[in-house]
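The following pair of complexes shares a single chain, chain A, combined with chain B in the former and chain C in the latter.
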Partner chain A sequence: MISLTNAILFLLLAPIIGGLVSGIDRKLTARMQGRVGPPILQPFYDVGKLLEKENLVVTTSQNFYILSYIVFIVVSGALFFAGGDLLLVIFAFTLAHIFLVLGAYASNSPYSFVGAERELIQIIAYEPMIILSAVGMFMVTKSFFVNEIAASELPLILYLPGVFIGFLMVFTIKLRKSPFDLSTSHHAHQELVKGVTTEFTGPNLAKIEIAHWYENVFLLGFVYLFFAFNPAIAIVAIIVAYLLEILIDNTFSRVKWQLTLKSAWIVAGMMGLVNLGVLYYLAGVLI
Partner chain B sequence: MTYLKKSPWLLHYDASSCNGCDIEVLACLTPLYDVERFGIINTGNPKHADVFVVTGGVNEQNREVIRNIYEQMPEPKVVVAVGICAASGGVFRECSNISGGIDQLIPVDVYVPGCAARPESIIDGIVKSLEILEEKRIQMKERAKQKEQGRSPGGGER
Partner chain C sequence: MIELPFLIIFPAIAAVLLLFIANETLRNAVVKIAALLIGAGTIYAFFTYFQSGLQLFSVPFEPASQIMFVLELFIALYILYVGIQCRRYLAVLLIIIQSALLIYVESVFVMGIHPEFNLFIDQFSLIMAMIIGIIGTLICVYALRYMQTYHAHHPEIKDRRRLFFFMFFVFLSGMFGLVFSNNLLWVFFFWEITTLCSFILIGYSQTKEATNNAFLALEMNLLGGVAFAGALLYLLYVDPSGQFLGIEQLLTSGYAIALVPAVLIGFAGITKAALMPFSSWLVGAMVAPTPVSALLHSSTMVKAGVYVIVRFAPVYTGTMEGLIIGLVGGFTFLLASAIAISQSNAKKVLAYSTIANLGLIVACAGVGTYKLVWAAILLIIFHAIAKSLLFLCVGTVEHRIGSKDIEDMSGLIVRMPKIAVMMFIGIAGMFLAPFGMLISKWAAIEAFIEAQFGLIFVAILAFGGSITVMFWSKWMGKIISVIPSGEKVEDTVKKEKWFVLYLLTALTVIVCLIFPLISSTLIEPFVMSVYGQTARLSQDNIVIMAMMIFLLMLMPFSLLLYRDGVKHVPAYMGGRPTTTDMRFQGSMGITRETALSNYYFEDYFGEKRLLMAGTALCFGLILLAGVLLTGVIL
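Our next item is the complex of A and B:
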């Protein structure tokens, strides 16, 4: 059953939840650094301000790419929460990021170019693991449909501990957290100016920010699937996973893209593939 | 709406400063002064910035750079000249390679005096500039409205 209500709820609530999570994230980060930090609602003020600013573009095709980016992020998230096919969700999600990369390439700026290339490397780094997660969920629940996975009584986390660790790695890359904030970062870092978002101003940057909120809520939903057998544990797991990401963000410095790619693939291989292999051989015993 | 005042993003550029004022600008970002409390972020990207903070005077080498950065910033934008060199050229005023303060090149909205300017006075100057930023936003909106009316049929005849 595909649930339209869930999809509409996602459309309406995800920006609010995503913005609040981002505000809490900034506050906690500031506290970890011994600062007072901005108000919790600061991300909403930022987006409000960006919408008030002038939209300067190098080429008008940038507008189109960024619109496509936010539309496909929203579509993939809505499909996920409606209980759609996980593989379709993952590929719509990837397509969204390809639009962001195209938008950055369209501007013909060197900083934007390097940011776009790094974004592509990040996609290459996390994509195998995110597909392995879907395959792992299929092996346990015999379904690629999110609603069936979520309704499963089996504790996915106990069958897929390695896949979950691999997914946390993807989570760090996707949240644009140190040590993997290669293409652009949330902090006031100034390496590469601002990477993939360098050439986007005002409303376009606001769209990227809102798309990022949608994306974060979708990823938190993905964490939920591992613990779907018990919603209370799942909520706790989501909070712990996010706090862990904030801690990692504040204790690691940025690494080079080579290490990002290698470590992401090594973790995907060691944790993800080995986990799936064990599951394959023990399939008769376990499930 | 007054979101602009709640989330001003800075771009800091060192023209020909002795670095004294620059270190004071960076001091504002440290845990002691923590300007992120007010939503202020040091972006380092002119296309994301609202407030252009310049230290030091204009010389022949940075003339083009200052103008270029200023033009890349989206409207509405304000310029804050930090330190006496950015205001008038300071002790370097008479040098053959110095043209004077930043206002010789681009319109400056707020002057923050001092050599070097104190972090408190820099924060004060930026807070003052936010009022001007808000005024500029209203002006920008009115200009856009007038342009819209000019375009609509019949609007041109009035």
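Our next item is the complex of A and C:
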């Protein structure tokens, strides 16, 4: 049932795709702000340079947590593309993120401590909606396995429009885009410094960046599932969704954690749950 | 069948022995030997019965029931006495009602009735017995050293350790009796024993707070006891020959007869499992010495509550009353998890997490499909192990650093590295993939989707589950923060404690690895025998999770890679001049100490507000169930 080839393809291709997406993102963002922007390959240059730097840490265990972080991000992404159980994929992702948070806590530094706390807030803000998305996909396709969901002929998006909107909301959080870039962000912030990643530099920061690429590819794969009935539409949908995120990133200013948590939960409740409730009701009526 | 009476009676004998032993060395020896024998007895019982399915036994000893009745009256008299002495008239009132019901039952019906089979064993009883016999006894061994230090630290508290260990072993005996009894009159007797034991153990220190909380626990549990006695009365009223007094006979008798007693006993289970609105007794119970909390939370007391509810799960399946019991559990899970975010006292966090998990177990059992019962039993096992480990870790830490506040556990990894790692594993076991509790939550989500009104529960699990991530992770974060200056203080921990802690840590991991085996030898046959079909995780997922566990165990070795070539620098302090022990130059030239504190979100997850909401909600639901039940009875 599990496809090893896909997993290996993910392992090799995801950083390339993720890095390119990140490069295009930076270019577009720059253009929106009236700048020329870096070359598309800039993210690769950045990571390459970071990898060459000296390994500076506050405490040795940070290395362990970050290595575990990237390993489990890769494992869960590979499991997703191999066609594994969606809930297990989500739980493995949570595990990976806990390692990132723990890495930040381990350094006992004020800025990364605050970043870690905020990262936790983000996790509890997005996780319910992601689980509800998986549940919604199960309700339509009767399977939690990604390969079976992807192979489904049913247009998931038509059954799950509310869930999809809810997912886009948490997509913003996961991509670390404004207005929800609470714990760390692509832009510098006065009070946070670099939040959860403050105490990471050199090879560790490079690992975090690569893990982020892997993660983004996984999230794009998740968007794909909503449109899996027609791969062409799916690719267009992914591009539109990502462009939308870039636009949101550049048009909104950062909000407080309270609003992030509340809005994420309210959207999960209003869009996700109501959508599922309707499906549930219809399933009951139709049977 | 000798194993069952042995497991019930032997702890009681050990208890009586301990009541008369004042010498400490002798007591240590007796407790250890007794613990060993009980543990061995449980394992022996496991190997004897794990393949045989349900077995019913009649007890050749005729006056057993009469002895129990007399003991019950003595317990009632004792409670009456202390109730009047301490002017707790609610407790007095409840014990009078309960005893009146019981005497009525005994005098009108039971004389001459002997249900054919008083004892039984099946895979579920066996699982419970393993939890009691292994984890319960480990806690007893741990308690030896703990109580020694406890009295050294608290000279003002009267040393009543003879009573303490007496109660501990009576508790184990009562729990064994509870899970092995088929006769509901017997179950009730053991039920009362656990109520009494918890009352005395919670009030052990005899301070005003302890006495108050002990009475709170007593009153709530007596309320459940009254409902239980009501169930007995109803059953004898329906059939005076008493044939439905056997759990097995009752479960096969169909809804018409079983529903009313099942719901009444379910209510008793809710009080004992400390679900909302009765959660306050378990939170109050943390005034007791930590081994008592460990015992109450993991292997006894609250597990008795969920045991009866899971037992009667097949009766609840598909009924409105069952759904309501499930909802009480579900809301308790959600709200208690949320309250745990706002708590900084480690024991209180553990208490609310226990309440939440019991809520989840009851939610599964109340809805009661076969997949959910499977998940519920899995939850019981994993929770017992991880929770006992966590309590004992907190107890050890408390004696060394003099606080059970999570904020004071900052940098525990430096000060008590071994304990910190164990605590870390225990916490991971409570909420992270691929450990036990998460496997059960996952199974529960999948099972709820297909159940009636399951979407409500799926939503509760989605939100409640992520809330759990928050409070556990920030605790983990606290203990693994590497503080620049910390003195190592764990060398004084005694070897008995180490032994228990190591064993529980190992169990936490091992059970995650062998849970497919536990599922296929014990849980699946049990669910199969009750429902005719059973649930299991898919083979692929089991393999993947086993791989994840191995990967997790390998990861710490990566630390070896970083022994050389790593340069250490101080944490970023915004460019302020900072000393090595994290004192920095603040404004106006004042030197300040760096203090990092977790978020607690009092405004959002405050105990008072959420507790009020939970109490109102769950009280309303129970009232609704009561109304429905009255309708059925009439």
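As a convention for this text, the second predicted complex is superposed on the first by the 279 of 287 C-alpha atoms of A that agree within 3 Å, B and C clash if a C-alpha of one lies under 4 Å from a C-alpha of the other, contacts with A are read in each partner's own complex, and residues count from 1 in each chain.
By definition in this document, a residue touches a chain if its C-beta (ideal position, glycine included) is under 8 Å from a C-beta of that chain, and two chains touch if they have at least 3 such contacts.
Small disclaimer: the values here were computed from a predicted structure and weren't measured.
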Looking at A:17 after the superposition, I want to know if it touches chain B, chain C, both of them or none. Which is it: first, second, both, neither? neither
If you stack the two complexes on chain A, which partner ends up touching A:87: first (chain B), second (chain C), both, or neither? second
Tell me the contact category for A:193 with respect to chain B and chain C: first, second, both or neither. both
Chain B versus chain C as contact partner of A:255, first or second or both or neither: neither
Touch test for A:144: chain B only (first), chain C only (second), both, or neither? second
Taking the superposition as given, does A:42 touch the first partner, chain B, the second, chain C, both, or neither? first
Just chain B (first), just chain C (second), both, or neither: which does A:53 touch? first
Give one of first, second, both or neither to describe whether A:205 is in contact with chain B, with chain C, with both, or with none. first
Could you look at A:28 and tell me whether it touches chain B, chain C, both or neither (first, second, both, neither)? neither
Tell me which partner touches more residues of chain A in the superposed arrangement, chain B or chain C. C
Hey, what residues of chain A end up touching chain B and chain C alike? 54-56, 193, 198-199
Provide the residue numbers of chain C that touch chain A in the complex, in ascending order. 410-411, 413, 432-434, 438, 442, 445-446, 449, 455, 458-459, 461-463, 465-467, 469-470, 473-474, 476-478, 480-484, 538, 540-541, 544-545, 548, 551-552, 555-556, 558-559, 561-563, 565-574, 582, 594, 596, 598-599, 604
Within the complex, which stretch of chain A touches chain C? 1-2, 54-61, 63-64, 67-68, 71-72, 75, 79, 84-85, 87-88, 91-92, 94-95, 98, 101-102, 104-113, 116-117, 120-121, 123-124, 127-128, 131-132, 135, 138-139, 144, 193, 198-199, 261, 265, 268-269, 273, 276-277, 280
In their complex, what parts of chain B are in touch with chain A? 1, 3-4, 6-8, 29, 31, 34, 36-39, 41-45, 47-48, 50, 72, 74-76, 137, 140
In the complex, chain A touches chain B at residues 26, 30, 33-39, 42, 45-46, 48-49, 51-56, 188-190, 193-194, 197-202, 205
